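Contents: one structure, followed by commentary.
Labels for the chains are A, B, C and D, by order of writing; each one numbers its residues from 1.
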Amino acid sequence: MKTAVIGASGYAGEELVRLLLSHPQVDLTAVTSRQFAGQTVAQIFPRFFHHQKAQTLKFSDFNPKQLAAMAEIVFLALPHGLAAEFTQPLWEAGVRVIDLSADFRLRDPHIYKEFYGQAHPAPDLLGQAVYGLPEIYRKKICAAQLVACPGCYPTSILLPLLPLVRKKIIDLRRIIVTSLSGVTGAGRKVETDYLFAECNESMRPYGVPKHRHLSEIEQELSIAANEPVVMQFTPHLVPLNRGIISTISLDLASNPDIGLIFNHAYANEPFVRLLGEERLPDTKDVVGTNFIDLGWKVDQRTNRLIVMSAIDNLTKGTSGQAVQCFNLMSGFDETAGLL
Amino acid sequence: MKTAVIGASGYAGEELVRLLLSHPQVDLTAVTSRQFAGQTVAQIFPRFFHHQKAQTLKFSDFNPKQLAAMAEIVFLALPHGLAAEFTQPLWEAGVRVIDLSADFRLRDPHIYKEFYGQAHPAPDLLGQAVYGLPEIYRKKICAAQLVACPGCYPTSILLPLLPLVRKKIIDLRRIIVTSLSGVTGAGRKVETDYLFAECNESMRPYGVPKHRHLSEIEQELSIAANEPVVMQFTPHLVPLNRGIISTISLDLASNPDIGLIFNHAYANEPFVRLLGEERLPDTKDVVGTNFIDLGWKVDQRTNRLIVMSAIDNLTKGTSGQAVQCFNLMSGFDETAGLL
Amino acid sequence: MKTAVIGASGYAGEELVRLLLSHPQVDLTAVTSRQFAGQTVAQIFPRFFHHQKAQTLKFSDFNPKQLAAMAEIVFLALPHGLAAEFTQPLWEAGVRVIDLSADFRLRDPHIYKEFYGQAHPAPDLLGQAVYGLPEIYRKKICAAQLVACPGCYPTSILLPLLPLVRKKIIDLRRIIVTSLSGVTGAGRKVETDYLFAECNESMRPYGVPKHRHLSEIEQELSIAANEPVVMQFTPHLVPLNRGIISTISLDLASNPDIGLIFNHAYANEPFVRLLGEERLPDTKDVVGTNFIDLGWKVDQRTNRLIVMSAIDNLTKGTSGQAVQCFNLMSGFDETAGLL
Amino acid sequence: MKTAVIGASGYAGEELVRLLLSHPQVDLTAVTSRQFAGQTVAQIFPRFFHHQKAQTLKFSDFNPKQLAAMAEIVFLALPHGLAAEFTQPLWEAGVRVIDLSADFRLRDPHIYKEFYGQAHPAPDLLGQAVYGLPEIYRKKICAAQLVACPGCYPTSILLPLLPLVRKKIIDLRRIIVTSLSGVTGAGRKVETDYLFAECNESMRPYGVPKHRHLSEIEQELSIAANEPVVMQFTPHLVPLNRGIISTISLDLASNPDIGLIFNHAYANEPFVRLLGEERLPDTKDVVGTNFIDLGWKVDQRTNRLIVMSAIDNLTKGTSGQAVQCFNLMSGFDETAGLL
C-alpha cells in the first residue's frame, strides 16, 4: 500500500515513520517537512539509520496534488488549521486521508471555533469524517475516506467511559477526570516551557478548566448518552517522555458488575487489556505499544467507581491508533505492524 | 535549644537534620539510628560534610530515657507503631515531642485500627496530641507537649480545603482529590517498587480507594464542617524526587469570592503563597522550601471550583512543618531556619 | 526451537523473555525463578500480558536435569557462581547453554579469582566456552555448546577497540576509557544505592579503579594484540533506565584512515552502525535495539583518536546479544527476532 | 552594597538573583532583561515570590551608564561578545564588574578568536581582568575592578588539577578529562536539542574534540606549569538539571602522597571538600551548594591517578563562585550568603 506522511518532523510524525517503516504491507513513498526537505529520514532520525528505506527516502516539500499521485492513503501530522487546508485537495483527488490533527474531530464548526479560536477552514468536510476510535467506530473507519484520529487524552478517557455511559450506570453530571501526561504530549514545540530543566523535577496542572480536548470528549460522550454531557477535566504535565494516566471518578447510579460491562465491551479487542479490580495501570507497561490498560475500583465508602487507564500518548494516543485505522481501511489485519 | 532526632536515617530524618544543622537556635545533641550507630552524620550524609557538627556528631542507639536527659524537644521520625512506643517514656519524663509518624494524628483509636491495621499502642496519649498544622492550630501547638505532624498528602489537601469548608461554600459530599507525589514520599524503603528503573519513565495510581492518609484528612474536614465528611482521594506515584501536587474538584454550593476567602485565611501566613486565579502551581517553585503554593479556577461550565496546591513533601509536607511547629513551641520566630 | 530461561526475574531475564516471546522460531518451554514460582509471566511482567504464552507459562523452580528434558538451548540469567553450578549438569546432559553471567568469560581461573573473589566453581568447563561476541567469534559461536555472553561495558568497549588493536595503530599502554551507564546496568538489585531518589538527579563514578569487567576486556584486547594489554576504565552511574556510552581516548601510533578500518571490520555487520566522524552517538538512538552506534574524531591538537560508542545495556549489552548468539547456534537468520 | 545583575533571565542569572536576594549585605538595585522588562522578579521567577524585594523589583532595560549610577558592583550574565560591550562603559565609569561570560577569561585575544570565532570586542581590557577562581587568585580578586568568572567545566577541572601541576607530579602531555554535565549547563537555550524529550533518557558526548572551555583550562594549566599544556577533554550531556562530574586520568611522574598535596592546597578552603581515597563524589551531595567535592584513587596496575570532582554547574560552576568573588571584592566574609 503506497503511503505518505505529511508533516513528519514532530513526535507524532516520527512515531508514524517508525511504525510504517516496519509495517509489512506499507510502501512509504513520501515524507514531507518544510524544515528538513532534502535530507534523508536517516539523517534526521538516526534511530532509523539501519532501515534501507530510511537511508534513501528524503524529506520533501511536496504539495497535496503531487502527493495524490504518490499515495493511496496519506497521513497528516500537521498543526490544526493547516491540516484542513491539506485535506481539501487530497479529498478532491480521491485520496484517503488519516488526519492526526483536531481539524475533523468535531461535528459542529461552532464548537471548533469555540475551542480552537478560529473559523473552521473546511466545514463542508466535517460531515464526511469518521472519528478514528476503532473500538467504537470500526465499521465506519473501514469504509471512510477521511478519518479524524482522536487526541491522546480523549483516547485515554473515552475508552474507559463509553461502555459505562452506554449502560447508563453513572451519573452523567459528575464525571471528574484528572490526567497526567508525559512531555511528548506537547509535541516537539521549541518553547521555554518544554525545555528539559523546566520539566524535569517539575509537575504542574495546565489548561484548567477548559482544555481543547474537552470538546471532542464531550461530543462523543453526548452521542453515547444521547443527551448533552459536560465533564470536569484537569490535565497535568509530568516529567517522563511518553505516557498518559487518566483517573476517572464516577458516581454510580446503580450497582452493576463493572467487570462484566468491560468484558462485554472489550474482551475481544486486540489493544484493550483489562486489568480488573486487582491491578492498577502503570504507564511503563504500555510505553512503545498500542495497548490501553484499564483498571478499576469501586469505593464502597463513597459509592463511586474509580477507573484508571494507561496509554502511550504517541502510540495508542496518536500514531499507533492511526495505523490501526489504516489497517482497517486497507483490509489488513488490524494489528499488522503494531505487535 | 537542645534537640534530638530519633530515627534520622530516612528521608524525613535527613531533611530534619538538614534544617536543624542550619537552624540558628538549635543545639542538635543526638541523632539516633540503629543501622548507623557509631558513624558520624557526615559519613552517612556526605552532603552535610562541611558542617562542623556533622563531622563530630555520631548516630547513636540511645533509648528514650537517655534522650530525655539530653534534649528539651525530641523529633521522632520513626515508623508508625514504633513512634508511640518511644513517645510514652518521653512524655512521662516531661520531654516535648514532635512526632512525624501517624501515631498521634487520629483522635479515635478505632479509626487508627481501621486504617493502620493494628491496635493503637498508646491510646491514653491520643487526647494529648495537637495536630501540627500551624495555620490551623497555631495556639495549641505553642503550648503542646506532644505534636502530631500531618502527613504530606493531608498538608497539601487540608490547607486549600479548610477555609472553604468553614465558609460552607462547597458541597461536602462531592470532594474529589487527585494527588501526584514524588518518590521520596514513600520514604527510603528498600523495596523493588521504588528502584530507579521501576519508577523512572513510569506513572501509576496506588492506594486506591482507601489510602491511610484519608483518615486524618476526613477527621480534620469533619471537625471544620462540624459534620462527618467523606471524600474521594486517588494518589499517584510520579518520577521526581520531591513534590506533591493536589488537584481538588469541588461543587460550589454558593457563588462566593474565592480569592477573598483565601486571602482572609492566609494573607498573613508566612508559608502560604496565594497564586490567585491567573497562575497555576508548579512543584519546582516550592522544592526545598516550606511553602505551599495555592492556585484556583472556577469552571463556569460546571459550576465547580478547582483548587490546586504544590508543596515539597519532605519540607512543608513533613520536616519543614515539624520545624515550624518546633519554632512555635520554643517561642522562636516561626520562620527561623526555614527561609 | 525449545528454549528455556533460568533466572528470569531480573532485568536481563525480563529482556530475554521479551525478545523470546516475539521470536518467530522460539518455543519458550520454561522460565524459572525461585521467587516467582507458580505465577504466570503475565502476572509478574504485566507488559507481556497480551501474549497468549505469557498468560499460560508459569515461572517454575525446575532443576537443571528437568530443564535438560525440556529445552535444546538454555539461557542462564543467574548471578556469577550460581551460573556455573547450573551449567555443569546441563553441559553433561548435552544441552547447549548461553550464559549471561561472568562465569565463563575468562579463560584463566586465577584471573576469575582475582576479580570475582572466589575460586571458579567449574574450571574444567572454562576451555569449552566461546566468548559470545558475534562480530568477533561468529564461527565458533555457531558450533559452541557453551557461550559466555560478554558484559555490557565490554561489548561497548571491545567492538570499537578490537579493529584498532588488530591494526596496531594505537599505543596499547595508553587506552583510557570512561563509561556512563543507566541504572538497569546494576540489575534489579534491591539496595539503597539503586532507589529512585538515590539515583535521580545524581551522577557518580564507581568501581574505581578496578571494575570486574576489566578482566574480560583486557583478556580480549590481549588476545587481539598478541601481547598483554592493561587499560584504564572508569564507569559512572547516570540517571536513565537503559544505555551505555563509552568514550575511549587513544594515542595514535600511526596516521591511518580510521573510517576505512571500521568499514573494513563492520560494514557488513547487521548490528554495528558506523556514524563516521561527523556524528556522535546518543543512547536514545539505540535504546530497545540490538545496535551499537560508533562515532569517532581525530584530535589534531593532541594526535589522539576519540572513539565513542552507544548501546542499550540490556539488549546489545546483554540479552539481545544472547539472542544473536542463539540465532547463530540455531542456524537461524542472525537478526531473527531482533529487528 | 548596591548591586545589579545584567541579563538576569537565564539560568545563571536566576541563580545569581536567588543568591543575592538572600545575601545579608546586598541591596539588589537593578536586574535587566530586554525580554522581561517591566515585569517583577516574582512574576518571572515564581519561586522567589515570598521575597518582598522580588515583588517590587522590576526587570528593566537600563543601559550601562544608567546602571553605573545605581550599583557599585555589577554582575554580567550575558552571552559572550555582548558582555564585553557592556563592560567597556561600566569600566570607564569606575564600576566594578563581575563577568560570568567568557569574554575576559583569556589573556590572548588570538586564542579568543580561535575558540570563539570572532575578534575580541575589547582587547584593551583583557590585561585588566582577574580570573575569578578564588582558591587560586584570591588576593588579586580582592582588589580587582574586573573579574572574569571561570566556566563551569574549567572550575571542575582546574581545582583538582592545579595543585598537581604545580607540584610537577604528573605527565603534562597525558591529561585526559571526561566530564558529565546536567542540562542547565547549556543555559536556557530554546533549541530542539534541549527539549525535555530530547535529553531525558539520552546521554551523548558533544563538543569533541575542541570544546571552547579548553582554551581557558589550558591557559591556566600552562601558567601553573610554566610551560604550554595541551590536554584531552570530552564533555557529555546527561539527563539531570544540575551538576558536573569531571573524571581526570593522569600519568604519575613520581610517587607522591596525593592526600598531602590536596590537603596542603585546600585544607582551609571553605568550599573545597576533600573526600580522600575512600569516597567518590556524587553530584547530589553538592547540588544547590557552592562546594566542590574531590575524590581520588591511585591505580597501582597502571600507575595512574584518577581524580574525580563534583560541583553544581550553576553555583560553584557559575553564580555561586561569582558571589564568592563578590564577597572578596567587598571585604565581606567569603562565605556570606553561600552557606
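The working rule: a residue touches a chain if its C-beta (ideal position, glycine included) is under 8 Å from a C-beta of that chain, and two chains touch if they have at least 3 such contacts.
What you are looking at is a predicted structure, and each value in this text was computed from that prediction instead of being measured.
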item: For chain D, the least number of touch steps when starting out from chain A; value: 1
item: Chain whose average C-alpha position is farthest from chain A's own; value: D
item: Distance between the centres, which are taken as Cα means, of chain C and chain A, whole angstrom; value: 37
item: Whole-Å separation of chain centres (CA-atom averages), chain C against chain D; value: 39
item: Rounded Å distance between chain B and chain C, as computed from the means of their C-alpha atoms; value: 45
item: Of all residues in chain C, the ones touching two or more other chains; value: 198, 200-201, 239-241, 282, 284
item: For the chain C and chain D complex, residues of the former touching the latter; value: 174, 176, 178, 180, 198, 200-206, 208-210, 230-232, 234, 236, 238-243, 245, 247, 249, 280-284, 287, 295, 297-299, 301-302, 304, 306, 308, 310
item: Partner chain B, residues of chain D touching it in the complex; value: 46-47, 49-50, 201, 270, 273, 275, 279, 282, 284-286, 288-289, 291, 293, 339
item: Touch list for chain C against partner chain B, complex; value: 11, 182-184, 188-192, 194-201, 239-241
